[in-house]
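In what follows, chain A forms one complex with chain B and a second complex with chain C.
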Partner chain A sequence: MLAIATVYLIALLSAEKQILIIALLLAGIAVVIAAAWFGVLEGLGATFADHENALGGWAIIAALAAAAYFYDNHFVLLLVITVLLYSVATLGLNVQFGYAGVLNFAGASFFGIGAYTSAVLNTYTSLPHVLVLAAGGFLAALAGSLLLFPVLRTRGHYAAVVTIAFALLFKTFLEVNDVLGGPQGMQVKGMRILGWSFNDNIEIGKISLSFYMNYFVVGLLLLVGAIILVRRLERSWIGLNLDALRLDETAANCFGLDIARWKITAFLIGNFLIGIAGALFGMVGGFVAPNNYTFADSLILVSILLLGGIGNPWGLIVATIIVVVVPEKLQTIQEYRFLLYALMVIAVLLFRPQGLLPRPVRRYFPGWRP
Partner chain B sequence: MSALLESRNLSKHFGGVSALDGLNLTVAPNEILGLIGPNGSGKTTFFNVITGIYSADSGQVRFEGADVTNANGRAIYQAGISRTFQRSRLSLPLSIFDNIMIGNHKRLNQGLWFNLVRRGDFKREFEESYAAARTLVEVFEPALANRLFEPVAGLPMIDRRRIEICRALIGAPKLLLLDEPSAGMTHEETVNLMNDILLVRERNQNLSIIIVEHEMGVIERITDRCVVLNFGRKIAEGPYRKVAADAQVQEAYLGAA
Partner chain C sequence: MDAGLFAQYVMNGLMLGMMYALVAVGFTLFFGVLDVIKFSHGDVLTVGAFTALAAYAGLRALGINSEGFELAVMLVLATLAMAFLGMAIARYLVMPLRSAPALNTLLITLMLGTVLRESVRLFYPQGANPKPFPALLPRASLDIGEFNLRLDNILMLTAGVLVIVGLQYLLNRTKLGLAIRAVAQDEETARTMGINFTAIVLITFAIGSGLAAFAGVMNGLYYNEINFGIGLYLGVIGFSAAIIGGLGSIYGAILGGFLFAGLQTVGTVLLPFASAYKDVFAFAVVIAIMAWRPTGLIQEKISERV
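Up next is the complex of A and B:
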């Protein structure tokens, strides 16, 4: 099943002709709708839930297979890396919104904080680049906590309003700040770990691998780490606390939950993931500019969350693939991609409000039987 | 006899309406106190003031001798008071086990490191909690004990009540506040539920209960003592038979003769 999906994805990524891409997309949509119609998806979802570790292993193999197939194709590899890092960022958003119920409309801004962190640190310091990634995460978490500390104590969606304001301010702040390059942005030095430069192609015998392969490996590790973290979080008392306070704050408070503490914890963890992903993304692109981290980009992240199924990491990855890859491959609709996102989100909210892959009931240890 | 819970001159106003008007009330250890009165007489408000959902305008609440007036919900829970709600407030998408564990908050290790990294230790605590939840649920409904990982949303009202009571009991409170546990249930279901509650108290002699209830059969059978409220004031107190015969109480319920 996953093998078919991988082959399909590789075919889609390698297809060049627009008409072929449209045909492939329509075929994919038709298959999914047909499967849903005949009730295959539910059974499939249950099987996946029972054998999640195996599924994870196969997903890694599938990703490696896709990367190996495109070993010298810069463009496709960049696209795959984008999917990996956006997935990490939406996993962060998922902890905030999906679990704790705190809406974050500044996802792209915190992503940008990570990216600018790596731009500044790589330019002005000789900090090891692995630590730069962590610094990006910490700074995004710090900015988020300073921003939301006063607001998270209140009820309702005030936090969401504050994040919208922050998203708008952040872009302006970058544009007027000369140290950070103003509207033109900054160059980011490529990643280098233990003398291994990430921006050179890898030569193995006669085969030359794209330099993006380096970033692909780090991105994949990051995503695997993020999934493990988010999974463990969900399957712990902390995940339960977050669900409890999202669903009924009053009742949660009556049973001893410190609402503000857990909201902030969730927000920090989420922002940390977003910031790390942003820091690596800055190095991958080699360039950061204010226009890459706008409110509109934050909305794209939120739409991935709604599309994929709030609370389900696998759904988020599928949704990220759809949202990132489809507009890139369908150049003809580039200009209308926001329209496309809007239509997708509306369609999902109307016909499948729980998202493509809904979140199953929590099992603390998959396969555990009393 | 020292009181477990004591309220002195407790008052709460909503605009011009006084929901609680200088209420004096005590609960002894291991006592089941019935709190009765017509609709709007201040019974649920009393629960909400004690558990920190509303703050009192004046007066004092003491629990085990300590002043807990206007303490927040968390502190009240930590001190050993837990409650159920008049309209069931379970988290419907979560499983039975999850809902019960919300009530077990103070006994679960909430550390980040413990929850995310030390999964072996976490699993041990999880298994102990599972056993505790299962034992408790078995008292109320053995059939539910095998379905702890099903979502609450699919359960009938009677089972939801049971889960809510289990959620309040799992943390071993000293005082349980039951807000109309029989609402929306048949007579027979109510009888069963009350038997289960009595069974739990038999096993745990340190548990006191305040029960708000409109079904007088329930009150008569399970309470040691009753307090009757009307317009936020106590109008009668004593064993059920005595208060039921009281002229003021009959007037409050049936109107002036």
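Up next is the complex of A and C:
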């Protein structure tokens, strides 16, 4: 099943003709709707849930296969990397919002903090670049901790405005700050680990691989790490605490949970993940500018979360693929793509408000049925 | 500081504050009756401003050149059109999602805002470029020292005050206002008292969206230029203003609007070397206010139900 999905994705990514792309998209939608109609999807979902580890393994193989197929295609690999890193970032949001219920409408800002960290550190210091990634995460978490006090004190819409204000503040700050390049942004030096420069094409015998392949591997490792972390977190008592917190703060408090402590934990872990993803993204793109980290981008992150189904890492990945790849491939309707994208989200919210792949009940043992 | 310059700053602040307050009042009205945040509010404002511009172009094409008449037609058309748009949004997007989580409503209206914004950009003739907005008010001005008192600003401020006073009268002195307040206070009780809930919600959305159109025309007249992005900016500021004032309170929204404009102005004056940071300053203060008063300056009465 996953193999079919992979082949479909590869076909979609490699398709150049617009008509072919539209046909492929329509066919994909039709197949999914038909499967849902005939009740195939539930069985499939149950099978996936039973063999989650195997699914993870196959997904990695599928990603590798897709990357191998496009070994010399810069553009497609960049797209795939974007999907990987956005997935990591939305996983971070997922910890904040899906588990602990802490709203964050400044996802892109924390992503941007990570990217700018890598820009500044790579330019002015000779810190090893793996540490730069970690530093991106730490700084994003640190900046998030500035917001902790208002976020903890407020709730619902009032909490939303704190992060929205931060998102606007951050973008304006970047635009007017000359040290960070102002509206023009900054160059970011490529990644280099142990003398291995990531910005050169890889030559193996006669085959030359796109330099994005390096980043792809790091991005994939990051995503796998993030998924394992988030999954472990969800299955542990921490995840249980966070769920309790989200579902009913008062009740959780009555049972002795320290609300502030767990909200802080979730918020910082989430920001850390977003920051790391941002740091790597800065290096991949080679360039950071304020316009890439606006409030609208934060909204895209949040809508990925809702589209995929809050709390389900697999749903997030599927939703990220849809949100990142579809607009890029639909070049004919380039002008209209935001319009169509917004209409699509409205349709999903109206007709499937729980998201494409809703979060299943927590399972402590794969395959276990009560 | 020179008194004339000071007066100039105050005047600018008042104009901005009036626009922000009008937008914020819309947010707070919607929140009052339905407990939802309608984020497409700012983009309704954009559409309103562009409707007015289209009406102006239409009138010019018909060969009518009386400025007062044109302005009146533009205002009426824009306000009515946006009132209908607001009702349609409430009826077909917001009401069906009443049982869904609040975030879904927020997101669906945000996306609707994107649809409206993109539609203006794509389908209005050359909508992607900033459009000049005609200066239809009398251009007379009075120089007092360094202070340039413009008649059109005074007219706009007066109109804004009149609109707010009128809204106040509507809400506190009429039967309709009573019904709106009843629905805001307790939906179920209001229903049992024979109030048509759906109709009241739709009327409230019409009023709020009409106000947004008014603010949009005012924005166009003040800057003599509109573009498809004004709504996003004004919408977010209006939302922040409604929040720092305290959602659900009309006075809070007005206070919040003027406070935000005041913060921006103070930011410009206090940081003359870096007046570009005025928005950074204003939003930082908003965050600080939220930390200090988590439910806004005029606090909503909330009780924890267990």
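Here, the second predicted complex is superposed on the first by the 359 of 370 C-alpha atoms of A that agree within 3 Å, B and C clash if a C-alpha of one lies under 4 Å from a C-alpha of the other, contacts with A are read in each partner's own complex, and residues count from 1 in each chain.
The rule we apply is simple: contacts are C-beta pairs under 8 Å (C-beta built on N, C-alpha and C of every residue); 3 or more make two chains touch, one makes a residue touch a chain.
Given the structure is predicted, the values throughout are model-derived calculations rather than measurements.
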{"item": "Touched partner set for A:N241, first chain B, second chain C, both or neither", "value": "first"}
{"item": "Which of chain B and chain C A:F75 touches, first, second, both or neither", "value": "neither"}
{"item": "Partner chain in contact with A:L257 - chain B first, chain C second, else both or neither", "value": "first"}
{"item": "Which superposed partner A:T265 touches (first chain B, second chain C, both, neither)", "value": "first"}
{"item": "Residues of chain A touched, compared between chain B and chain C (which is higher)", "value": "C"}
{"item": "On chain A, positions contacted by chain B and by chain C", "value": "250-251"}
{"item": "Residue ranges of chain A in contact with chain B within the complex", "value": "229, 232-233, 236-238, 240-241, 243-244, 247-248, 250-258, 265, 361-365, 370"}
{"item": "Residues of chain C touching chain A in the complex", "value": "31, 37, 93, 96-97, 100-104, 106-108, 110-112, 114-115, 118-119, 122, 236, 239-240, 243-244, 247, 274, 276-277, 279-280, 283-284, 286-288, 290-291, 294-296, 304, 306"}
{"item": "Chain A partner contacts - residues on chain B that touch it in the complex", "value": "51-53, 72-74, 76-78, 82-83, 85, 89, 91-95, 98, 101-103, 105-106, 108-110, 112, 115-116, 119, 122-123, 126, 130, 134, 149-151, 167, 171"}
{"item": "Chain C-touching residues of chain A, taken from the complex the two chains share", "value": "103, 147, 149-150, 153-158, 160-162, 164-166, 168-169, 172-173, 175-176, 250-251, 295, 299, 302-303, 306, 335-336, 338-339, 341-343, 345-346, 349-350, 353"}
